[in-house]
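Each of the next two complexes has subunit A plus one other chain: subunit B in the first, subunit C in the second.
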Partner chain A sequence: MTNSIEDIEDADCILIIGSNTFEQHPLIARRVVKAKDKGAKIIVIDPRKTMTAKQADLYLQIVPGTNVALINAMMHVIIKEGLIDEEFIKNRTKGFEELKKVVEKYTPEYASKICKVDKDLIVEAARVYGSAKRASILYCMGVTQFTHGVDNVKSCCNLALITGNIGKRGTGVNPLRGQNNVQGACDMGALPDVFPGYQKVNVAYEKFEEIWGVELNHEMGLTIPEMIKKAGKEIKFLYIMGENPMVSDPDIKHVEKALKSLDFLVVQDIFLTETAELADIVLPAACWAEKEGTFTNTERRVQLIRKAVNPPGEALEDWVIIKKLAEKLDYGDKFNYKSPKDIFEEIRKVTPQYAGITYERLGVDGIHWPCPNETHPGTPILHVEKFLTQDDLGRIFPIEYKNPAELPDDEYPFILTTGRIIFHYHTGTMTRRSKHMINEINDGFVEINPKDAKKLGIKNNDLVKVSSRRGGVAVKAKITENIKEGVVFMPFHFAETAANLLTNPAIDPYCKIPEFKVCAVKIEKL
Partner chain B sequence: MSFKIVHTICPYCGTGCGINLVVKDDKVVGTYPLKRHPINEGKVCIKGNYCYEFIHREDRLKKPLIKKNGQFVETTWDKALSLIAEKLKEHNPEEIGFFSSARCTNEDNYILQKFARVILKTNNIDHCARL
Partner chain C sequence: MKYLLVKSTDSEILKRAECGGAVTSLFKYLLDKKLVDGVLALKKGEDVYDGIPVFITSSDELPEVSGSLHCATINFGKIIGKYFADKKIAVPTKPCDAMAIKELAKLKQVNLDNIYMIGLNCGGTVSPITAMKMIKLFYEVNPKDVIKEEIDKGKFIIFLKDGTEKAIKIDELEERGFGRRKNCQRCEVMIPRMADIACGNWGAEKGWTFVEVCSEKGRKLIEDAEKEGYIKIKEPSKKAIEIREKIENVMIKMAKKFQKKHLEEEYPSLEEWQKYWNRCIKCYGCRDNCPLCFCVECKLEKDYMEKGKIPPNPIMFQGIRLSHVSPSCINCGQCEDACPMDIPLSYIFHRMQLRFRDTFGYIPGVDDSLPPLISELDK
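Presenting the complex of A and B:
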């Protein structure tokens, strides 16, 4: 997030796009409610009329995968009606004229045909966002999980930049992270192209060679979708720590084939997950309540976690397992840590954003990075005076709308979109072992619009088969007005009715994110 | 009987709510939100409210397992780690890949990426940020 969770309360307008905030981030939604109580207008863009959409003043039920067309049309209106922030555009940004040319053709009428959202609603949303003194954008995987995910994010940034909604309280472009430490795992360089602190492997290698005292590989590595694709061919050995691609990744049938074709698979986890079942060796790890360390949340706040109990049996903390394995490979001297705090001290040295953060300073409140030195209070709001570019200016990118990789056709006439529900978390490894959660719901379902259900002769709770070009799943139908006609929704938590048997592994060419939110399916009554 | 309250952060979404774990005789028996936490200010969602329930499940992994003839059998840490080390040495850097975890700590993620880069000389490391 460019901004903090707390300052959402100061917004006059909150645009929520591709995020079911009220179910997936309830304690962020609480700030949205507080802002609304103070008079803020809430706009929600989503193909499902979610719990979040039901709180909106304006709800735009979009066709999945058409965000760019909709945001371009909003900018078209904002520019035409003079709702841009000219001073901000002039002093803080670059690229506005090019954007203006591109959005010229995205009239509300034109976008309305692509997004299937009423043109007057698009105009109204543009006016509400454009005329707000402080407007905040909240987004999630409904923006990113597309073959044009990067374009979607850039479009959100464009909207904020041309209206000057960045760098102050109650504004910003705010991705809501779905897992407690996605932000931290990225910050720590658990990515194929960067060392800790987003320092490029092909640029900063000399610095890290000096710090770590070894020669390093300067070439960018492979992302998870690429490693899965190459498994059994170029990739022969996978070491998986606390991930469950057999439920979380697209086209599971292919994932299974890929993992089975490896020479060797190691899985380190807290339970015998669907992925661990395929491993040659499984290592038992401590869970979060059994270790110390830090998590970095969605607003870049670094926070301490504390050990409450001992791990079961012989299970060990993840860092201890890796340290022991390093010792086996005669690298004990480079992994000579006695505690997570020792590791954090090294993190501070190599990661400029974390330089000023110490365990002692974190306390209960934590610290927002960037925090360059030990007297710095941390940075809840980014880009206040300048952007992190060489000329300090924010970039506006002209973006054209592109179709998703797989569109409905005669054989597969529906769009499947996937997501989570309030009671479960990701692949269900933890929540499906929590009795109060499974008492609420423990089965998958597919949401179908009543009009589509009528045509197919399907009633509520009927067992249906949902199939794509990659596989089929038998699952209960849930007939609901909340889903747009022509679109169906499945949660991906449930391995027995795995939505990801169906999803398309096509990826965004830049960030390699798979297109979970759009694939073509057919539905048959069983 | 021993009894303590341990302040920590919720294990689920990226909001990072502050919670307290109630610990009785080395077992987490409950949780409640921390009143003075700056994010959740004493509130917590339903998942966070029951986040302790999986910790002491009987089916937690307790020993390293090795697959023999399609079945998992228990093994020692020393044997498991020696075999992994041996297998790693048999492969070239570009043949090895690591999946790190958005559910592990910064320290766990840092050490795994350092392990991949320093020892195996590969940048094939990623986690589920995209998934």
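Presenting the complex of A and C:
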């Protein structure tokens, strides 16, 4: 997030796109509620009329995968009606003229045909966002999980940049991270192309060779979809930690084949997941309450966690497992840590954003990175005075709308979009072991619009078969007005009715995220 | 012997004590003489806004838990019912703690024979977030620099690292939407007479604790502790008793004013309630934190409730809890504190209770009987 969670309360307009904030980030929704109580206008863009959409002043029920067209049209209106922040564009950005040219053709009428959203609603949303003093954008996987995910994100940035909604309280472009420490994992370089602190492997490798005292591979690594593709071929051994691709990755049938073709599979997790069941060796790990360390949350806040109980049985903290492995590999001297604090001291040394953070300073509230030195208070809001570019200017990238990789046709006439529900967490590794959660709901379903259901002769709770080019799933139908006509929705938590048997492994060319949010399916009554 | 002035005989305790050190000395007596297994109390956590319930079993640990924490809004009722039902304990109780414990005792969730309730007069608590915000806004200091806080003579006083202190009238803070929790503003029970004794500084001479003896057990405790030399006792003057009464009456009047304001003048309309219920994410926080919701098999989790969907139907979800709990609602505010969606839950529960009280005369946490409907069911 460019901004902090707390300052959302100060927004006059909150544009929520591709995020079901109330179900997936309730404590961020709480800030939305507070802003709304103070008079902020809420705009929600989502193919599903989610609980979040129901809180909105303006709700735009979009066709999945058409975000770019919609945002371009909003910018078209904003530019035409003079709602841009000229000062900001002039002093702080670059690329506006090109953007202007590109969005020229994205009239509300034109976008309305692509997105299937009433053109007047687009105009109104543009006016509300464009005329707000402080407007904040919240987005989530409904923006990123597309073959043009990066384009979507850039579009959101464009919108914020041309209206000057960045660098102050109650504004910003705010991706909501789905896990407590996914930000921290990225910060630490758990990505194929960077070392800690987003230092590119092909650039910073010498620095890290010196610090770590080993020779390093300076070629970019592989993303998960690439690993799965190469499993059994170039890749013979895979070590998976805290990830359950047998439920969470697209095209599970293919994932299973890939994992089974490995020579050796090690899975480290707190429970025996669907993926761990395929492993040659399972390393039992400690859960959050059983270890010490830091988590860095979606607002870049580094937070200290303390152990409440010891890990059960043979389970160990992740860092202890890694240290022991290193010792077996004769690298014990390089992993000579006695505690998570020792590791944090190294993190500070190699990660410029964390340099000023110490365990002592973290206290209960934590510190927002970047925090370059020990007297720096941390940075809840990014880009206040300048952007992190060589010339300090924010880049506006004109974006053309592109179709998703797989569109409905005669054989597979519906768009399937996938997501989560409030009661379960990701692949259910944890929540599906909770009595209270499974009492609430423990089965998958497919949401179908009543009009589509009628055409197919499907009634509520009927068992239907949803199939795509990759596989089929028998699942209960849930007939609801909340889903757009022509679109169906499935939660991906449930391995028995795995939505990801159907999804398309096509990926974004830049960040390699799979297109979980759009694929073509057909539906038959069973 | 109904009203007493009590003073500790322990110079260490007196040094730390805010007024006479009676409470700490009584705990010391109970622990030393092994009359209880332990004392359940609050200890200061990371800062003054953080209170952690601890169970201490030796009087050496008493310094950790003495002193009040007005920003720790924990209620002990449920903790005792859940974790200490089979222990002999002593516990310092604000009126809402004592009322919760009393209600739970009627419902056989705790056994009063096992509990010494050392009541503390209470003029209200402040939620930690509100406290930090108002300290930043109106006291214009960094909330982290506060090392101690106090409520005295209608003022919220903070003591800073650098030795200075700052005070602002609670009235003023509340006019601006800060100050005590909303339920505390409406609370009419300042003196916990349902506890075994009620302690405080209202009417007390400097260096003494004013104690009202409220039960036979309380009387014996005071007598024995004096006999064993833990405390000194003297009679308060008539004037002291009058002052205390006057303070109490003024505060009750103020509470009634707030009841009128919150529960009538500013009470949310039906549409506003609809808007609130539409935000409910069915997290069960209100139920889990309500001291009176203790059922092993809660009706809210039964199959006739529509499952797997939010917001839940308010007539069923909030409605069932209202019908089960509101007759005995003690307006402790735990539900509202817990609600992640900022739904003003204790407004509706408190208002329903007051209606119930007006109709049936039942005062929860004070009356010895069960609420009329529950007693009907019992027969």
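Keep this in mind: the second predicted complex is superposed on the first by the 526 of 526 C-alpha atoms of A that agree within 3 Å, B and C clash if a C-alpha of one lies under 4 Å from a C-alpha of the other, contacts with A are read in each partner's own complex, and residues count from 1 in each chain.
In this text, a residue touches a chain if its C-beta (ideal position, glycine included) is under 8 Å from a C-beta of that chain, and two chains touch if they have at least 3 such contacts.
Just so we're clear, the structure is a prediction, and the values are computed from it rather than from any experiment.
Enquirer: Tell me which partner A:102 touches in the superposition: subunit B (first), subunit C (second), both or neither.
Expert: Once the two structures are laid over each other on A, A:102 reaches no partner at all.
Enquirer: Scan A:393 for contacts with subunit B and subunit C and give back first, second, both or neither.
Expert: So A:393 meets neither subunit B nor subunit C here.
Enquirer: Would you sort A:422 into first (subunit B), second (subunit C), both or neither based on which partner it touches?
Expert: A:422 contacts both subunit B and subunit C.
Enquirer: Give one of first, second, both or neither to describe whether A:54 is in contact with subunit B, with subunit C, with both, or with none.
Expert: It touches subunit C, and subunit B stays clear.
Enquirer: I want to verify the contact counts: of subunit B and subunit C, which reaches more residues of subunit A?
Expert: B
Enquirer: Looking at A:186, would you say it contacts subunit B, subunit C, both, or neither? Reply first, second, both or neither.
Expert: In the superposition, A:186 touches subunit B alone.
Enquirer: Once chain A of both complexes is superposed, is A:362 in touch with subunit B (first), subunit C (second), both, or neither?
Expert: A:362 sits against neither subunit B nor subunit C.
Enquirer: Kindly classify A:27 by the partners it touches after superposition: subunit B alone (first), subunit C alone (second), both, or neither?
Expert: A:27 sits against subunit B and subunit C alike.
Enquirer: With both complexes overlaid on chain A, does A:474 touch subunit B (first), subunit C (second), both or neither?
Expert: neither
Enquirer: With both complexes overlaid on chain A, does A:441 touch subunit B (first), subunit C (second), both or neither?
Expert: Only subunit C; A:441 stays clear of subunit B.
Enquirer: For subunit A, give the residues common to its interface with subunit B and its interface with subunit C.
Expert: 26-27, 30, 364, 422-423, 436, 440
Enquirer: Along subunit A, where are the residues that touch subunit C in the complex?
Expert: 22-23, 26-27, 29-30, 33-34, 37, 51, 54-55, 363-364, 421-423, 436, 439-441
Enquirer: Per the contact definition, I'd like the list of subunit B residues that touch subunit A in the complex.
Expert: Listed in rising order, the residues are 4, 6-18, 21, 23, 26-28, 34, 36-40, 43-47, 49-57, 59-67, 72, 77, 80-85, 87-89, 91, 93-115, 117-119, 121-131.
Enquirer: Given the complex with subunit A, which residues does subunit C contribute to the contact?
Expert: That would be residues 46-47, 50, 144, 278-279, 281-284, 301, 307-308, 310-311, 340-342 of subunit C.
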